[in-house]
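For reference, the structure discussed in these notes is given below.
For reference, chains read A, B, C, D and E in written order, and residue numbers begin at 1 within each chain.
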Amino acid sequence: MKRLAVFCLACAFVVLTGGALIELGPAAIDLRGQVAAQLAASGVSHPVTAVLLNFRGYDTLLEVAVLLIALLAILAVTDKPPAAPVPAHPLLQAVARGATPAMILVAVYLLWAGAHRPGGAFQAGAVLAAAAVLLHLVGLLPGWGAPGLRLRLGLTAGFALFLALAAALLSQGALLQYPPAAAGTLILVIEAGLTVSLGLILAGLFLFLSRDEGGET
Amino acid sequence: MADPLVGLVLLPLGWATLAFVLGPGRGAWAALAGIAAQAWLAWLLAAQVGAGGTARHAVGGWGAPLGIDLAADGLSAALLLLTQWLALGVALYARSYFAAGDPARRYFWPLAGFLLAGLNALFVANDLFNLYVTLELVGLAAVGLVAAAGGERQIAAALRYLFAALAGSGLYLFGVALVYGVYGTVSIATLAPLITPEAPRLVWIAGGLMALGLVVKSALFPFHFWLPPAHGGAPAPVSALLSALVVKASFYLLLRLWLGPFAPLAPAAAWLPALLGAAAIFWGSWRAIRAERLKPLIAWSTVAQLGYLFLIFPLLAVPAAFGAGVMQVFAHALAKAALFAAAGVFIQATGQDTVAGLAGAAARLPVTLFAIGLAGMTLAGLPPSAGFLAKWQLIEAALALGHWPIAVVALAGGLMAAVYVFRVLRQAFCLAPAGAPVAAVPRALEWTAFALAAASVLLGFFGVDLMTLIEVRA
Amino acid sequence: MMVLVFDGLLACALLWSAWRALATPRLDRAIVFFIAFGLLMSLAWARLSAPDIALAEAAIGAGLTGALLLDAYGAISRRKGGK
Amino acid sequence: MTSGLLFALVGVALFALGLAGLVLIGDVLRRILAFNLMGSGAFLVLVGLAQRNGVPDAVPQAMVLTGIVVAVAATALALALARRLDAQREGALPEDEDG
Amino acid sequence: MSMHAWLPLAVLASSLVPGLVIFALPESWIGLRTALNLLGALVKLVLVGLLLAGVAAGEQYGFRHAVLPGLELAFKADALGLLFISLSAVLWLFTTLYAIGYLEGAPHRSRFFGFFSLCVTATMGIAMAGNLFTFFVFYELLTLATFPLVVHRGTPAAMHGGTVYLAYTLAGGAVLLAGIVWLHHLVGHTEFAHGGIAAALGPQYAGQLRIVFLLLIAGVGVKAALVPLHGWLPRAMVAPAPVSALLHAVAVVKAGAFGIVRIVYEVYGVEFAQSLGLLFPLAVAAAVTIVWGSLRALFQDDLKKRLAFSTVSQVAYIALGVALFGPIGTIGGLVHLVHQGIMKITLFFCAGNYAETLGLHKVSELSGVGRRMPATTLAFSIAALGMMGAPLTAGAVSKAWLIEGARAAEMEWVIGVLWTSSLLNAAYFLPILWRAWFRPPPAAWPDEHIPARGRRETAWLLLVPPLVTAAAVVVAGVFAAADWSPLAWAKLIAAREYVTPQ
């Protein structure tokens, strides 16, 4: 009964919204023009990066905070020490060992490329995290226990740097108001910090979680 | 911090990060110092808004719609003031509340810091997508705080809470996506003149979905199912923050959108929230009256008290209704924080939280008992509390428009609240069972609970100041 | 024309994999469908001229989320099997 | 019809599917899948609808990048809770509304 | 702040501050607590004296504070309010003395005296309220402050009594609030003003104003114990004797009666109320209450319950006086506000003495108590005779004016009601007196825990207050014509309320 009702509601919603979508005219405001016009002043030439770290950089700042929160919450609910890693086949381990430096290189490239073309801190961080997860899966990297000071610093460094710069830029008149000349450099610095921390955080989402292997009875 | 608007967001982000770096369980002093500074900033902001009108800050210097604008009118300033001062009380309480080995303490300070940052960011946001991010910030931090207690019940409650919060913010985000599709912007200030009663059908759908999402997050009946286990199961300081502030945040946003960009569409649906609000009052009060344990009782009372907030929607044509809503937010926040704090004292003193179990302890913890009494006055809307002023304005607005059933609901709800409040209070006068052990409780706990409760009553004498502040509209 | 056909097929595949992710009786298969869904999403983003999102979706949406899901599934099913 | 509009329509359907799943399904992992479908649907609408004239728009694309990261954070948290709950006991969510 | 704003606030503070301090005092600090109590009561008497002198000389006292735009807490000390204030202030002093003796050695005394002081503060606030809103604030505070006193003993019976009390008074409060907000909405304010504020509205509002009147009177009628809203009063008699004495003979029920007076005279205006046809139903309600209360009193064996039903009946005299359209009835009603207070408090003091000294709670146990406790029984007899309206007592004065008032208002049936009531009063009081004075005492008293010491029948703190108030009953009756008597003050009020003085 409930299933049927929900199904009907969902269908009605799709038809109604879909219909309204199709008959929609052009938007009142087009930000594409504004983005293009201000792109030169943003410090980067790739529009998505410009939006992400300059025009709407404040969103990104808060978004990193969301990631940190998720990490904190995960730490708060998993208090077991990490289990010993289960080693995979030596061949797999060798492949993973070989892949890791390559992935780090890819991450650095993505970070650097972000200013001009697709790529940036998030993608680079994700690749770093993927490397860590890979190492963990083949048994070369143990799951993480309660983070020590160095790991905590690493997890927060990118965010702290971003936050500190954002606050320091208040001297320019507004939060995150880059001086046009230094914008490119500052964005690269922020992205570099974020890449490391995001890599650690995203890896942490996996490695902190994977501690309760073997169960608890 | 040059601009209080920005400082209120950056400060908690900063000390939350610091608290995490310092290590599990540390950072109480950083938190207290930070919150005290925030309280001062909120005070500055309220003075600034009261004197000079809406405060604005264009992040990055771009300005909407390309950049993100922060803005605080009277309503934002008032809620920021409430948030910081209430958080100061709860923080003082929490510092003494957690025992050294309590798992809930390990990440309390950083999570609380991010929660406050999210709330403050939400109150100053003026951009629909930025608001989505702040909603997630608040939601995940709140879930984390509930889950940190680590018990099976709390984890289950946190999971249920998380799904409700995610469903709510998902609905909201979908609405935002539609709005951006129609108008090409998510800046509230830019949208406001664009939305008219002749808006395309998609805008109506978007508004409905956003409202639905926010209603789920504000735990309006019948979407309240997640609230009692989460608020009733969390440690006392967490329950206090959640019941007092977190549910109010999504209500604030709903009100802001309702009165702001979506005002041309809003009247069509005004009675629906009011009907659900009335149902929430009766169902929540009934469950509170029937509850056997103290914290679930208080949590169900939150379900009921949130109902009042939604009664104002059909009345918003009268200024008193808006005043009633804000006053109720303040009254309930202070009173509910006080009640959860007081419940925490009793739980620490007796090791259990049944209502009947209070009989022995109440007489030995008179300050806490008074806190419950004063907070109870506010909840039941008895004079001279802030809750009474809220009820007064609500009834006045209802009569002014001839919607007397709302007045009847408000009065009946007040009586039901009196029933569950006095169910607790009368335990203090029952003859105590002999030899019930009552452990010593830090005095700071008792007095912070009392201070919060006293504030909820004393605010009843300063309604004019609050009303003057919130009259500053964007 | 070819482009539109490709888009149409991609749309159908997206919906089908999403449906299977929810409706498949076996959880492990559902997760595999979900990872497939993530990769299809990544294609869709590429079609929408959003290579940044395509990268992120592949790495985070399909990759990391998929790994998390599989890991959680493994932990839970191991525990169930152990009891 | 542009690809933008087409994928926006797919987004609507995905969102409805995910939401229905979230409401109807009891199993925690499945609900997490459903939530992710819901999110993907919203993202597709955000970008697809904005690009219904076929021209890429960087602003919604940046928003979706933000959204994807938020979604993975939420997913990880939900999984952590589910695993912890499962470690503590087996079975479905409690129905004890009194807390 | 000028003296004229400061004095009403000081009257409130003189009981509020000691009350709050007392809460914080440890249970064992008896000396300081007693000193604070008495100091507060004496300071209040002095302040009330200053107010009385000022108001008699035509001074205006008042203080206002806005809590919301268009909504003010307003205090004023006018002649009518002072009548109630003086009564409460004087009786507070005696009841405090009495309570100190009564509760000697009992637990939770800090709590008791703290709430006791809050009750007095609330009563003062009710008396000095300058508008209906302020009246309501203190009216509800009174409810809250009395609840802990009613359940003070913590027994299941006390808990039950307290619950019933709250159910009645809070529900009444809600009804009253509805009426007040409605009135505020119609008029724009709820100020107490000579001649009323409702009359300014056009005739098209007559229907709404009638409903509002019903709501208001039903709201205050709960505390005034108008039948059928009186059910809480007998049940609240589980409270300790000083509580029953001051609160349920004076403060609480009078707060209701006082509210009726304010509503009829200063909200509606007596002439406007008459023109709306509201006074006659009020008179009927009062008459029914008078007769019904007396009838129920006849069949109570529990002494305090008999007194409680007697209170139900007697307080309605005030409402009746108000409802008699004309200055003479008004004077009768107002003077009865004072007279009933001193008579009934005497009776409760004595009932408390019987219970505390000898463990006597029932009428049927009082045989011969006059020989064991002659002074207490003498005071009881004087007050009981006063209640019946015997000559030379305060009761006779009020009844005479009420009867005159009924005649002047050409409502002869009221005279019948009054006579019936007097007969019934005699029927339930005279058997007690007969039993106490002329029946032989039992061999042993049920629970004699204050032994007679020499010529003193009980503790002197228990004995002095009823004797003083009993003397006051006689003095108020004999010297009714004097300038300073309650009657003279009631005449002053009536003269100010009716535009054409007698």
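Simple rule for what comes next: a residue touches a chain if its C-beta (ideal position, glycine included) is under 8 Å from a C-beta of that chain, and two chains touch if they have at least 3 such contacts.
Because the structure is a prediction, the values reported are computed rather than measured.
Novice: Touching both chain D and chain E: give me those chains, sorted by label.
Specialist: Touching chain D and chain E alike, sorted by label: B.
Novice: In how few steps can one go from chain B to chain C if every step must land on a touching chain?
Specialist: Minimal hop count between chain B and chain C: 2.
Novice: Using mean Cα positions as chain centres, tell me which chain lies farthest from chain B.
Specialist: E
Novice: Could you find the chain whose CA centre sits the greatest distance from that of chain C?
Specialist: E
Novice: Find the most central chain, measuring centrality by the gap between its CA centroid and the centroid of all protein CA atoms shown.
Specialist: Closest to the centre of all protein C-alpha atoms: chain B.
Novice: So what's the Cα centroid distance for chain A and chain E, whole Å?
Specialist: The computed centroid separation for chain A versus chain E comes out at 73 Å.
Novice: So how far apart, in whole Å, are chain B and chain D when each is placed at the average of its C-alpha atoms?
Specialist: Roughly 26 Å, centre to centre.
Novice: I'd like the Å distance between the centres of chain A and chain C, where a centre is the mean of that chain's Cα atoms.
Specialist: Computed value for the inter-centroid distance: 19 Å.
Novice: Quick check: how many Å separate the C-alpha centres of chain C and chain E?
Specialist: Each chain reduced to its C-alpha mean, chain C and chain E end up 78 Å apart.
Novice: Quick check on chain A: which residues sit in contact with 2+ other chains?
Specialist: As it turns out, chain A has residues touching two or more other chains at 17, 21, 24, 27, 31, 35, 48, 55-56, 59, 63, 66, 69-70, 73, 77, 122, 202, 205-206, 209, 212, 215.
Novice: Mind pulling the chain B residues that touch 2 or more other chains?
Specialist: 129, 133, 136, 140, 143-144, 147, 150, 155, 158, 178, 181, 184
Novice: Enumerate the residues of chain D that touch no fewer than two other chains.
Specialist: Correct list: 8-9, 13, 17-19, 23, 43, 49-50, 52, 56, 59, 61, 63, 65-66, 69-70, 72-74, 76-77, 79, 81-84, 87-88.
Novice: Taking all chains into account, which pairs touch?
Specialist: A-B, A-C, A-D, B-D, B-E, C-D
Novice: In the complex formed with chain A, which residues of chain B make contact?
Specialist: Chain B residues touching chain A: 1-3, 6, 10, 13-14, 17, 20-21, 23-24, 57-62, 65-68, 70, 103-104, 106-107, 110-111, 114, 117-118, 121, 129-130, 133-134, 136-137, 140-141, 143-144, 147-148, 150, 155, 158, 178, 181-185, 190, 194, 200-202, 205.
Novice: Spell out the part of chain D that touches chain B in their complex, as residue ranges.
Specialist: Result: residues 8, 11, 15, 18-19, 22-23, 28, 31, 35, 38-39, 41-43, 45-46, 49-50, 52, 59-60, 63, 66-67, 70, 73-74, 77-78, 81-82, 84-85, 88-89, 93-94, 96-99 of chain D touch chain B.
Novice: Report the residues of chain E in contact with chain B in the complex, numbered from low to high.
Specialist: It is residues 23, 65-69, 71, 73, 108, 111, 136-137, 140-141, 144, 147-148, 151-152, 154-155, 158-159, 162-163, 166, 170-171, 173-174, 177-178, 181-182, 184-185 of chain E that touch chain B.
Novice: Could you pull out which chain C residues touch chain D in their complex?
Specialist: Counting only chain C, the residues touching chain D are 3-4, 7-8, 11, 14-15, 18-19, 21-22, 27, 30-31, 34, 37, 41, 44-45, 47-50, 52-53, 56-57, 60-61, 64-65, 68-69, 72-73, 75-76, 79-80, 83.
Novice: Can you tell me which positions in chain B touch chain E when the two form their complex?
Specialist: Per the stated touch rule, the residues are 323, 363, 366, 370, 373, 377, 380, 382-384, 388-389, 391-393, 395-396, 399-400, 407-408, 411-412, 414-415, 418, 422, 426, 429-431, 460-464, 467-468.
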